[in-house]
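Below you'll find the structure I mean.
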Amino acid sequence: MTIQAPEGMELIYSRPESLAEMHTHYCPGCTHGIAHRLLGEALDELGMRERTILVAPVGCSVFAYNYFDTDACEAAHGRAPAMATGVKRTRPDNIVVTYQGDGDLAAIGTAEIIHAAARGEQITTIFINNAIYGMTGGQMAPTTLPGQKTRSSPDGRDVEIAGFPIRMSEVLATLPGAAYIVRRSMHDVKNIRKAKKAIITALKVQEAGLGFSMVELLSSCPTNWGIQPNEALQWIEEHMVPYYPLEDYKVIEAVKNL
Amino acid sequence: MTIQAPEGMELIYSRPESLAEMHTHYCPGCTHGIAHRLLGEALDELGMRERTILVAPVGCSVFAYNYFDTDACEAAHGRAPAMATGVKRTRPDNIVVTYQGDGDLAAIGTAEIIHAAARGEQITTIFINNAIYGMTGGQMAPTTLPGQKTRSSPDGRDVEIAGFPIRMSEVLATLPGAAYIVRRSMHDVKNIRKAKKAIITALKVQEAGLGFSMVELLSSCPTNWGIQPNEALQWIEEHMVPYYPLEDYKVIEAVKNL
Amino acid sequence: MQEEFVFSGFGGQGVMFLGQLLAYAAMDEGLEVTWIPSYGPEMRGGTAHCTVVIADQPIGSPIVRNPKTAVVFNLPSFEKYESLVKPDGLIAINSALIEDKCTRTDINALEVPATSLAEEVGSVRVANIVMLGALLTALPVIPIERVKAALEGHLPKHRRNLLEINFSALARGAEYVNAMG
Amino acid sequence: MQEEFVFSGFGGQGVMFLGQLLAYAAMDEGLEVTWIPSYGPEMRGGTAHCTVVIADQPIGSPIVRNPKTAVVFNLPSFEKYESLVKPDGLIAINSALIEDKCTRTDINALEVPATSLAEEVGSVRVANIVMLGALLTALPVIPIERVKAALEGHLPKHRRNLLEINFSALARGAEYVNAMG
Amino acid sequence: MPVDKDVGVNDTMAKQMLKGNIAIAEAALRAGLEAYFGYPITPQTELLEHLSKRMVDEGRVFLQAESEVAAINMVYGAASTGARVMTSSSSPGISLMQEGMSYIAGSELPVVIVDVMRGGPGLGNILPAQGDYFQVTRSAGHGDFHPIVLAPASVQEAIDFTVLAFDLAEKYRHMVIIAADGQIGQMMEPAELPEMKPINKVRPDWALTGANGRGKRIITSIYLSGEEMETFNQKIQDRLVEIKLNEQRWAELYTDDCVLLVIGYGTAGRIARSAVEAAREKGLKVGLLRPQTLYPFPDDRISELADYTEGCLVVEMNAGQMVDDVRLAVGGQIPVSFYGRMGGIVPLPDEILEAIEDTYEKLTIHTPK
Amino acid sequence: MPVDKDVGVNDTMAKQMLKGNIAIAEAALRAGLEAYFGYPITPQTELLEHLSKRMVDEGRVFLQAESEVAAINMVYGAASTGARVMTSSSSPGISLMQEGMSYIAGSELPVVIVDVMRGGPGLGNILPAQGDYFQVTRSAGHGDFHPIVLAPASVQEAIDFTVLAFDLAEKYRHMVIIAADGQIGQMMEPAELPEMKPINKVRPDWALTGANGRGKRIITSIYLSGEEMETFNQKIQDRLVEIKLNEQRWAELYTDDCVLLVIGYGTAGRIARSAVEAAREKGLKVGLLRPQTLYPFPDDRISELADYTEGCLVVEMNAGQMVDDVRLAVGGQIPVSFYGRMGGIVPLPDEILEAIEDTYEKLTIHTPK
Amino acid sequence: MARGTIIIDQDRCKGCGLCPEVCPKQIIVMEETLLNAKGYHPAVLADPDGECTGCAICAVICPDICITVFREIPDKKRAPAPA
Amino acid sequence: MARGTIIIDQDRCKGCGLCPEVCPKQIIVMEETLLNAKGYHPAVLADPDGECTGCAICAVICPDICITVFREIPDKKRAPAPA
């Protein structure tokens, strides 16, 4: 669908080419949509669409393969980094991106993401941390905050039973193969813009063959948090950001020269 | 077998009670034997033998369940922390110890150890890092050093292909649930003594319910390294210690007061 | 005797609870009953539906391809189920949101502006209950009193304060159908 | 024709290579042959053994419960295989390390102080080759020349310097048996 | 995909509308479940969710594991201490548990595993299916073993089989799988829950509790020597023979005079019932056998029925898996036809009726010869 | 447990002594293997070790994964790009791959998986076994599918089947499992390797290569709607029918006049051959059929032979698994006996001979009647 | 400040209400009377006074890429008028 | 320094050679002429001059717990001689 510019006006913003026209199945106000847009814009700006192979996860973003206008495959739950490894090793000239939720990456797929990072696998991971298992209806994730109520921690996450949430960026930053690991958020326009810059950097890291790159994005799940989309953005700012600081956890020297 | 003290002499050292009399199947000079002894002595000194449930791994120490005179079970490869979790949660008053190799803990069992630590699981892990898969005949482990020759990195570990070795203590120390994470070595008498102290502390941490505790022990595999036992100890000191510093990676405040 | 109902609408329109309510009432009536949900890939939004089967014999399939009765709350549901209802069956339409008319002549259509009637009694959120009142008046398989009892028994505690408005909604739906004559 | 050999000893005594060498020679001789290893739980030390079957027909089982010939390098192997050898079979014993004598009268025993003879030719490490020389002299299923060729063909490159000592070892073993008469 | 959020359970033992998943969870709890470990997956998740509240409230062990691999190994650990323990999942998650299940079998531990099957292979979909019949009955992991497999066809049966599962598991020191499907998990029906039982504090004499004043105990699945391993395998096989002898369970209807025997389990069996009733109304002599145990398969009864029946029609929600067991049971005595739907499609009574009529016709054509 | 460290491969194509594991590895390489992902496990490890050197030397992809779960998902990724890809493992590792295998089946990707089976269940031991017959033929993961399964009985066959495996995988876009056992993996025999082939740079038209100047391509196993999923399942089933029609493979011996047909595959089949020869020498009319494809099972030939044979004896290194397939193939026509050893014990020719004699005797007692 | 405008794709919009929140000019409103095919009340631009600056902030927050943004072509950029 | 001695379990010893390396008195030797049941040349104490201090360093390094260590009972500890 191309939209005609009104008389005397020029187009400032429209859907990135790397995204397909298809409507998404995401809930109203879910920031998965924003993350898709940012990745799409980044691929556009870097001219990477035709070289990209996307690895979609199991999670709310399971249909990401439909929403991007790139080649794509769908990994088993948590195994996107392993699948991406298989793709990248046999297609070293392609840009390989995994898009993963926090249940996917920080629970069942812990070993795969750690080892992809440790190997310095030349892939880029977009890590959507919404502190919950969205797709299965809102159970506790490894990233669920202490006291946060979910469908499987109905009285709030009890750290005596379930432990404290994992900070994956901090964990992955300890690994030598990781070149670029940062955490950003999507709770307001300023942070969304920063997030996009980080995604662009991460993709450039891959292009330059510097090692594993990951952008963690704090994301909302208004549906399973049981609040309105705008309240959800506030909740990110007020509750998630303090526990998950928006920082650069690892930026190797070569990245700074990109 | 009780040994009669010679006339006028008193017993200074003999096999700890927590170890069974059985001979081990370990190769000559393999420090798995030393680690067993240290754990046995620690259990003796703390009077824990009758309360301990050991979780043996898959690896050269697969028969650890035979060698300790405690209740014991044998986990699937890498899953000792999960099995230990099942044991500890249903037997909170028992002392639960996993004994794991580097292939077991740092490769296939990465997710399980990370999440046990993240949950602050009240178990103690003895982590035998010998930079190789001993039992299967000497393949590359995640901890194999750059350039180190193994049966599956015959020209030496190529970091371009396999990445840099993982330092598990450093990784686990990032997790809030971990109370005590240290690395020690068994390459000489002084370090062996330090290792034993660390094991005692780790068990006390569990006893006090402070969280997850782990002692990483640099260990030798003369057979698969293809050198003599004493050379192997030297190799630990010269090659492993520089890459795997012998430090305290996490000691929460409460541990210091034990 | 076997009655089959499909309730269908956007997520959030309360079709799942509606079906459950009917099922509770049927159970209390001493009948065999099954309730089964079905969802699209969307967590919120999208169309969801549930099927309720009520019978005096053990129920084989809780799913029916061609239900005797379909109760539709939005256009996609109407479009999907209009053609599926069994001949001589009934389609109950929330005419406040669905402008289209039923074009089949071999089934009965019951148009109820449930959303508007619900607004009248105080909240669009009870449109589902209005519809149930209307439905059980047009098709009296279960006495409305049973539904009231079921509401009393099964409304979650923190929603007890809504009992009155739900009763009004039931009554409003019934009234609407009775008024139609 | 089918010949079966078990070679058994401590890990490190070279029984695996010994079996392989015989297998290579048999293959070069144009015969069917299989070699199969077996280990205890120990990586080093402990007892290891391998089985070699040589035949002029396709070989069914590469494993034999009762071999025609057992070649034993240590006491545990002797104890295990003495009773297993087929009647009329042969047990070749490294008498330098095994003091016990074969007590069965329905099999032949060949005592060769292989370790000592190997020391004579220059290294205990070729005790296995000494034994092969002795064995093939007592039981000439394959010409020793074939073994020599196999050594030339299959000794890993970095061990080529050991060719001469291996040849001497073969000769010493043969000589020992010949001297026994 | 969303799940219903308002389905609770009353304390009462009277009949109440219960969702299958919740019914199983609550029944397990009341049967004295001491520990539960699991991981969310549709269409099983409500089971885990229900226990996340109830187990904690009752002071028992509930833990959401980091994966199904971890969950089954936690179960392995908890079972080693003699605790009543359960996990639940759906097809892909059960695949991930295969190694752990094999270890549990090799260690002879009594555990209960709930599989709420969905459409496959791969991620497939979340609709009800029976495509994992072979996986649960034949090879729940590597090596020579079979779990006991119970297949409920209603919410009430799901409850009853949950209680039975623990009893069988402990009686035989054997793994029991409750093989439900998405429909059993997701539907609500009136059903009665059992009485609440406290957890059993008495530990069996093989359980790990610490070698306190007694010799040590070991739980392991290793038998290095072939002889020992074979002896162990024989022990399992002997036990399976015993189980086959004692535990074949099924329900049947109109089998005294049937010409055609319809066989189906779980949801397919339940729906086949309606079709059989309809066929009877049409005057066809059709009977129904619904296996309740998939392992041990009710061979004996089926082979008995084959003596005076002229044909079999097997109905499954897959491409034809149990049909092999039926063929093995009838051993060529009578023809076996198959009607199946795949990919999460549940066959409806009228389709099955049509299949019955088709098969019946062919049979009666053949009969005169 | 130690592995032989000195077994190399010569460049030559002439006969050489080769260990099964290494023969498979080298054959795969020569067949144009582009990428290998695996994890060490006895008795398969030499395969991985051999490729760790050879693949790197040839500039191809070798990666030791962090686990079998990762390995199979790397295979899944590499196969998505149209590369010839393989992994190998042994029983417990194959259990861990079940989920990934099901995804690969659901995505219709041609991959080759080598399973060098060992004694189970659980950790079991490292001796040769066939206890995973059901796992590989029936339910290599959840959902309705079957891989093609090849069972070599010699080192030469291991080589030939490796080459064949890639061809079949690509011909049908289907998973192929080479089901060997510890004996095939560990033994050395003289064998010939195929010629060296370069890797095929031409990608099939479904492969992910980047949507460069063409529409995007997707590899997925999701079919949310039951109808689509069923259509996909039907496609798999149709393909399986085609495979059954075209690809049944077996070897046979003395089948023209046999009274008793012995059936065994892999190592058991090979050893049975010796027993059959011995039986013939004793004048017993015994034949041998050795299935080379376990899926598709050579039903047709067996059912044909059942017409003029009086009985079957199935020999396996397990508690009796393929015997079900034989029973299904003969459909009650002739009695089927079973002789099995478990736990890593390999039956010897004389034991099988004894079983043959026993069975034969009973048959000939029956025959006159 | 440059004058601009936006077009909101009414079919795509899920009525999440984020764009009205962030628009610095507060000129986007949720149209409760409209219901699109997906059952949502979409956002609409209510900019009678031409306040929109084309800043694209609304587009940046929109999770569903419903918003296309235009801005007046600055004079320097305009093609010289023919003649 | 206290006088001591050790007993090496010859059956357990795997001849790894670690204890001779660490003994400060260098009084443990590998006995190449002995071969134990496991096929190893075990370590033996060669302490004709009673140099062993019972420091237990050898026991600390031994991976196979072959070494039992004794030390002379210090005078103060000895029970008073009866009468």
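As written, the chains take the letters A, B, C, D, E, F, G and H, and residue 1 is the first residue of each chain.
Definition applied: a contact is a pair of C-beta atoms (placed from the backbone, for glycine too) under 8 Å apart; a residue touches a chain by one contact, two chains touch by 3 or more.
These figures come from a predicted structure and were not determined experimentally.
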Length of the shortest touching-chain route, subunit C through to subunit H: 3
Set of chains whose contacts include both subunit F and subunit E: A, B
CA centroid of subunit A to CA centroid of subunit H, Å: 62
Distance between the centres, which are taken as Cα means, of subunit G and subunit A, whole angstrom: 26
Gap in Å, rounded to a whole number, between the CA centres of subunit D and subunit A: 63
For subunit C paired with subunit D, centre-to-centre distance based on mean C-alpha positions, whole Å: 86
Sites on subunit G at which at least two other chains make contact: 14, 38, 40
Junction residues of subunit F - those touching two or more other chains: 1-2, 63, 66-67, 69, 92, 99, 103, 107, 122-123, 220-222, 224
For subunit B, residues contacting two or more additional chains: 26-28, 62-63, 74, 76, 107-108, 110-111, 115, 135, 137, 142, 162, 222-223
Every chain pair meeting the contact rule: A-B, A-C, A-E, A-F, A-G, B-D, B-E, B-F, B-H, C-E, C-G, D-F, D-H, E-F
Touch list for subunit C against partner subunit E, complex: 11, 16-17, 20, 23-24, 27, 32-37, 39-44, 48, 57-65, 156
Footprint of subunit D on subunit B - complex, ascending: 25-28, 60, 63, 134-135, 137, 222-224
Subunit E residues touching subunit A - in the complex, by the definition given at the top: 1-3, 5, 39-42, 45, 48-49, 52-53, 56, 62-64, 66-69, 92, 122-123
Subunit B residues touching subunit F - in the complex, by the definition given at the top: 58, 62, 74, 76-78, 103, 107-108, 110, 133, 135-137, 139-140, 142, 151-155, 158, 161-162, 223
Subunit F residues within the subunit D interface of the complex: 1-2, 4, 6-8, 15-17, 183, 186-190, 270-275, 277, 346, 348-349
